[in-house]
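Structures incoming, each one as structure tokens.
Next come two complexes, and both contain subunit A; in the first it sits with subunit B, in the second with subunit C.
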Partner chain A sequence: MLQGWVIAVTSFAYLGLLFAIAYYADKRADAGRSVIASPYIYSLSLAVYATAWTFYGSVGRAASDGVGFLPIYIGPTLMIALWWVVMRKILRISKENRITSLADFIAARYGKSALIGGAVTVIAVIGILPYISLQLKAVSNGFLILTQYPEIVMPAKFGAVPLMQDTALWVALILALFTIAFGTRHLDAAEHHEGMVAAIAFESLVKLLAFLAVGVYVTFVVYDGFGDVFERAAASPALAPILTPLEGVAGSYSSWVWLTILSMLAIMFLPRQFQVAVIENKDERHLSKAIWLFPLYMLAINAFVLPIAIGGRLQFPLGIVDADTYVLTIPMAGREELLALLVFIGGLSAATGMVIVETIALSTMVCNDLVMPVLLRMKSLRLTERPDLTGLLLGIRRGAIVLLLLLGYLYFRLAGEAYALVSIGLISFAAVAQFAPAALGGIFWKGGTRRGALAGLVAGFLVWSYALLLPALARSGWLPIGLLERGPWDIELLKPLALFGLQGLDQITHAMIWSMVANVGAYVAVSLAGSPSAEETRQASLFVDVFRRSGDAGGARFWRGKASAPDLRNLLVRFVGAEAADGAFAAYARARGLAWPREPLPADAGLVHHVETQLAGTIGAASARIMVAAVVKEEALSLEEVRTILGEASQVVMYSLQLEQKSRELEAATAGLRAANERLKDLDRLKDDFLSTVTHELRTPLTSIRAFTEILNQEPDIGVAQRQRFLGIVTKETERLTRLINQVLDLAKIESGRADWHESRVDMREVVADAASAMGQVFQERGIRVELKLPERVRAVSADLDRMTQVMQNLLSNAVKFCSPGDGHVEIELCEQAGWLRVDVRDNGPGVAPRDREVIFDKFHQVGDTLTEKPQGTGLGLPISRHIVEHHGGRIWVQAGAPGAHGSAGACFSFTLPLLRDAALEEAA
Partner chain B sequence: MGEFETRGQRLIALCLLGCLLFNYPILAIFNLPGTVLGIPVLYAWVFGAWAALIALMAWAAERKD
Partner chain C sequence: MGRRILIAEDEPNIVTSLEFLMRKCEYEVCVARDGEEALEQIEAFRPHLVLLDVMLPRKSVFEVCRRVREDPRCEAIRIVMLSARGRDKEIAKGLALGADAYVTKPFSTRDLVAKVRELLPESV
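Our next item is the complex of A and B:
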């Protein structure tokens, strides 16, 4: 069943499916409904880290040295924990500066240096080529092995094949076409490839499922679970190195450590990882899910590596079947055709995912940071005057993709067979690790300079070439092998694999130690020896302090010169097209509150900066700088001026912090004053109310006294009985007047704190009984039934006896006033509650409405409409009672009482007093 | 910002913990012959600690204070 055409058709169907997914995602993105704006898609797209190298190579490495493959996946797990700090910063910087690639990022940090961008691009291309060739090798080998089914024959046995019959060449060409279709269909101003990301996320699922399927097959179908696999391995002496892998070998721990560090750096600085993690990121909050989902993915895809490796070693004699192909050959040996096909598709998805993203990232770098800066500098081409450059940009990128894949194929053809998959991948890892000092140093250390970064990159790259690339070429037969064994010119100290006599380490560890020493050393030393230029100082500040600046265009304040808005627009149109350019201008105008194009935009520093940033999003920071400089007249800022601006900026930040502090204090003070003012106004109003109420209250009895005395005075022949009655009224009104004045004086005394209090031990039962009997006459007159509910005995309180009597009389006379005559009912109850004595006075009158329950304790407040109804009291009884109760440390309030006869709510006035502490002791005695 | 800083510090601490767990000398302690539940001790340790570390990272990264 597994003929060549079946495999080919299946592969093309799979690629077609990928393309459909990408097409759908692109359409959705154009409609503004992105499918990739999800933390899950983001996490899956990060899994482009797992390439064909993981898919086939992990088993290969595990088959020879056991756990040795694991640091490559543990390293990223450790690194991604730091992403919340490191990657969030890189994301923020990249969004603000519209970074398009790793080279662009490093170049922008060091003064938008085209030289640095070019150097990074060259290192990345040379370093990554073997890695791309590895993918081609994996796919073409997989295809060749599968077509031999049911035989298991290694492709190396075929010998040299003619160029046009080489599967790898066809794989490279197909992948190049596919990548062009994916990544460079049109020019996106923001360098987002939504369709590509969606397809990559899907590929990550496919390769995981395929690998898990073969893992489950080997572990549970061929063998009988993990225990069985390891038991059989233990029984075979040849497999001992797999089971006790770190046994006493000198340097194995150091190799473990360096592999971990290497992969920690690779997860950040492989161009494809930077592409999916930074450039294609939609939202920095996606990090919080990716931080644990991506490591989980790696754990899952590694879980079955060892069982497969052991299974392969047990099934196939050493040397016949390449361990890198066990994933494919074990299902073939078991006659599982479908599973073998699935594995091939899994490997294909791992390889295509890597190739697509890597070549898109590299082609962007080649175009923006290598070719364009050179073309723009060549005055004879007059590129700065061409009306439309979008076609040129796309052409360069497409050309770069084809070139990269053909170079990858060339490497495969010339040198690919000398190494196992894992070694090739590690050589690439070591190359991109050279970016770490300049990139990480650049975002945390302002002191790093352009010269320092360049020196570090070049030094690290040279050591890498000498210690890793040179031996690779020598082993492939392109250089004399004696170079490795005796060193150049027979100088022992310069042997590429034991530089300066450092021996006993594996090749990668050895190269990493020396290249990092050279790289970091040169970066730090050269940076410290010189001093940065104005442009570098400014970019350093924009990068390192990215979280400290506010959202305004931070770069704009460093620009001074003359420009014209139409020139700037034309410039943008040439690179991104009229539509995108107008969109960018409109967005800028909106932020400024201008109705562009009706109102002209001022061609100030802000606009120039905006255009440069937009441009940088398409052609990279360094090229954008050149283009903008060509259309505007700018004055170069000196280093001193930049420093002054930075100094001013930090002073402004400090001042504004101080201002904020001050204004917060002021606000607090103002709020306090306003509250005090409100209180004063309230008091003032209360005083006015008080005065007018008092005079009103005094005038009522005075008026009637005056009226009756005038009658008595003017009518001498009035009858005795009549006279007696009038005099009685006058006396009563005078008494009322006296009472009122006494109460006013009383209240004033209590309020001002000048009242005399005569505290003594008081038995409230007596007070209640006395007050009730003193009012007995009044109750009888009105026909009101009084009920006393007094306990046998209560504990004493400390109180002023006369004042407490006054409170009781106030409450009782209130109750009398509001009870309906005839069927009135007043109930007085006394009880103890947890340290308090509580007195309730209930009546069956109309009750107090809930909204009045607080205000009736205010002075002169009388419930009801005072204009139409005759007030029934002085309005001072309750305020005085409240003052007295509160003076004794108690509380007074009113609530609904027992319902009255006519359905009236009734009122219950209650107050509490604290019980005497030693009253309890007395009771105990 | 406060919450982001706390999260960053927890994750940095977990990274350091990971560096400790997957390194000499802790790794050497588990570099023994013999098996745990049928799995060689070293593999059991690496995969177990790895899974535990991922769980802790999930807790630290997703926790809302």
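Our next item is the complex of A and C:
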């Protein structure tokens, strides 16, 4: 069933499906209803990271190194956690400057330098070629192996196949056509490829499902679950080593660390990753979901790698079947035709996804940053005068795509045989890692200059070529192998695999260490040695401070010169077409409240900047600058002027920060005022309650006084005895009134803190005895038995003597009031307790209910309960006592006293006062 | 025939004055010291008029009024509320509870007597 044509037709049908998805997504995008504006699609499109390398190569690596395949996936997982800091900044910068590619990004940062853009493009193209060749190798191998079904035969050596019969060449050409159809059907003003992103997201699903299907097949159908697979591996002496982590990899720990770092950089700076993560990003908030979704994808696609690798090793003797093909050959050996076909399609997905995005990204770079700047400078071509350049741009891109794939094929023919898939991919990773210093340095460090960036890129790339590319060519027989073994001109120190004697590391780690030393060293040293130009200074500020300034004002402030609006419009028309150009002009006019085209637009710095950014979206920052410079007369700003503008800008930023600070302070103050107002309202209510209660308390004695004086006044014939009685009542009520007024004033004075306190050394025994004897008359009248339990001597306290007497009198009169009538009994006890002096006043009255024990110390505690209970006394004695005791640092409370004679609970009022600490000493002295 | 008046008030001295004033007018007087007692006395003593303090202990004035107004036998009972709180709101509340008059403390003895006389016409 698996004849060549079946596989070919299935493959084309699959590619057709992809195309349909892309077409649909493009149509939706044109209609303004984007299908890719979702964090899930965004995360899936990031999974273009997983290529044929992951799909086939991870198993191959795992079959020899065990978990050695993992750093490539740990790196991105770590890196994506930092994206909220790093990637969000890159996204913001790219959106504000209409960045079209990685090369454009780095070039724009260093003064829109065409040279830097070109250098980045060249490095990217050369660096990525091995990676593209890897995909071609994987797809053509997969095809060749599958067509041999049911036999399992490894494909012949490539050199042996005539060119026109080489499947890889046909794969390259088909993919080139397909990519052209995908990415260069028309010219998008912002390099957005919605259809492509939708197709890529779909492919990410397909390859994941295919891989999981094989994984489940191997683990649960061929074997009996994970446990079974790993037990068999552990039992086999040949396989046991791959279960030990870090075994077998040369310089294993440093290798792990460097591979992790390498892949951390790759996820940022592979051109295709930059394309999907930055250029195609619809909303920077999608990052927050991608931060956990993408690692989840990585986990899922790696879960079955080890079981498949072990399964392959167990199934096929070493050396006959290439471990890179286990994913395909295990289902074939099990005669699972459909599964094998699904795997092939999964591998095709992984490979095409990578090739499409990578070549589109690279072709944009080749066109905008390599070819156009050169063409535009060639005065003889008179390009700047041609009316329509869109055709030329598309032509360059299409050519670049074909060229890239053919070069990838060439590398495959030249060097593809010598390495496993993973090793080929790592060479590309190491190449794009060279962009990291210039790019990351560029967004966090204003000091990086154009010369520094260029020096770093070139130095890093040279070391990479020498330590990685050259050995690859030598191993494939294109350069003498002696170059590797003895070094050029037999100089040991220059051996490409052991530069300056650095040995014992694997090839990638070795190359990474030296290229990073060269790259970072040159970047920092040259940057520090020189000084940036005006253009560089302004771009550095636009990049590094992107979060501190607002969008549009950024670039325009730096321009001064003469221009004409029609010229600018014509320029834009040539690159983006009349419709898009008029749209851009209309948008600009609308933002300024002008009715263009009826009213002319002032050709000022703002318009020039607007046109330049529009243009940059199509041809990149560097080319756009050249084009705009051709139609306007610009007066160059001196470095000094740029610095002044930047200084003003940072002052504005500072003012705005201060304003924000002020407004925050105001908000806080408002909140404070609101709280204070609430508190005041509460206090006001309390005051109202208090006043109303006091008034009530005052009216009661007044009522009696008035009633009796009127009676006495109006009834002349009252008997003497009755007259005496009524007058007595008036006197008593007057006294009550006076007492009440005094207590209210007293309490107010204490509460407001205006009371005078005369503290002295007080012996509480005397206070208690005096208070008791002062009340002696009352006790006697009511027949109350008083018992004093005073120790021989107590330590002194520091207190206001009169106030303490007041407290005692309050407590004693309370006791009198509530004592069991007839056989009243009051007991006063004084004792010392661990640094405190304690006074207890017990009565044998009804006691205080537990729920009331706290509230009776409140002013007129009956306030909330006026309808049911009549106040006893003034209701102020206990609150005043509490204030006094607490002022002295003590505590006052009430509890149940000793049960009274007739079963009444009795109350025990107690208070404590701190003993003078030195009192004992003084007395001893 | 003698008219009966119940004085429901817990301040002894005010009770004394009220008692004196009512006796002086030749009413039959009975005293209740709290709300509970007031209800009992209304039942037992069957007064024609109650001088009712609004802040009696043990039973709220609200409760007393409600019970009196619900009982058809007590329909004719006049209630004069005595209160130390004289704000309009409280007066309205007292009248809403079913009081026939509302007197604020301290009161004028002459006015109070006049009000009681007005509510208890001699010839019925």
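Keep this in mind: the second predicted complex is superposed on the first by the 643 of 925 C-alpha atoms of A that agree within 3 Å, B and C clash if a C-alpha of one lies under 4 Å from a C-alpha of the other, contacts with A are read in each partner's own complex, and residues count from 1 in each chain.
Please note the rule applied: contacts are C-beta pairs under 8 Å (C-beta built on N, C-alpha and C of every residue); 3 or more make two chains touch, one makes a residue touch a chain.
Predicted, not measured: the structure shown is a model, and the values here were computed from it.
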(request) Using the touch criterion from the header, give the chain among subunit B and subunit C with more contacted residues in subunit A. (result) B
(message) Per the contact definition in the header, classify A:231: touching subunit B only (first), subunit C only (second), both, or neither.
(response) first
(request) For A:711, select first, second, both or neither according to whether it touches subunit B, subunit C, the two together, or no partner. (result) second
(request) Classify the contacts of A:306 with the two partner chains as first (subunit B alone), second (subunit C alone), both, or neither. (result) first
(message) Which partner chains sit in contact with A:761 here, subunit B, subunit C, both or neither? Use first/second/both/neither.
(response) neither
(request) Pick one for A:28: touches subunit B only (first), subunit C only (second), both, or neither. (result) neither
(request) In the complex, go through subunit B and note every residue touching subunit A. (result) 4, 7-8, 11-12, 14-15, 18-19, 22-24, 27-28, 31, 33, 35, 37-40, 42-43, 46-47, 50-51, 53-55, 57-58, 61-62
(message) Per the contact definition, I'd like the list of subunit A residues that touch subunit B in the complex.
(response) 67, 70-71, 74, 77-85, 88, 225-228, 230-231, 234, 243-247, 253, 256-257, 260, 287-289, 291-292, 295-296, 299, 303, 306
(message) Going by the contact rule set out above, which residues of subunit A touch subunit C in the complex?
(response) 692, 695-696, 699-700, 702-708, 710-711, 714-715, 726, 729, 732-733, 866-870
(message) If we count contacts the way the header does, which residues on subunit C are in touch with subunit A in the complex?
(response) 10-11, 13-14, 16-18, 20-21, 24, 35, 54-62, 84-85, 105-110
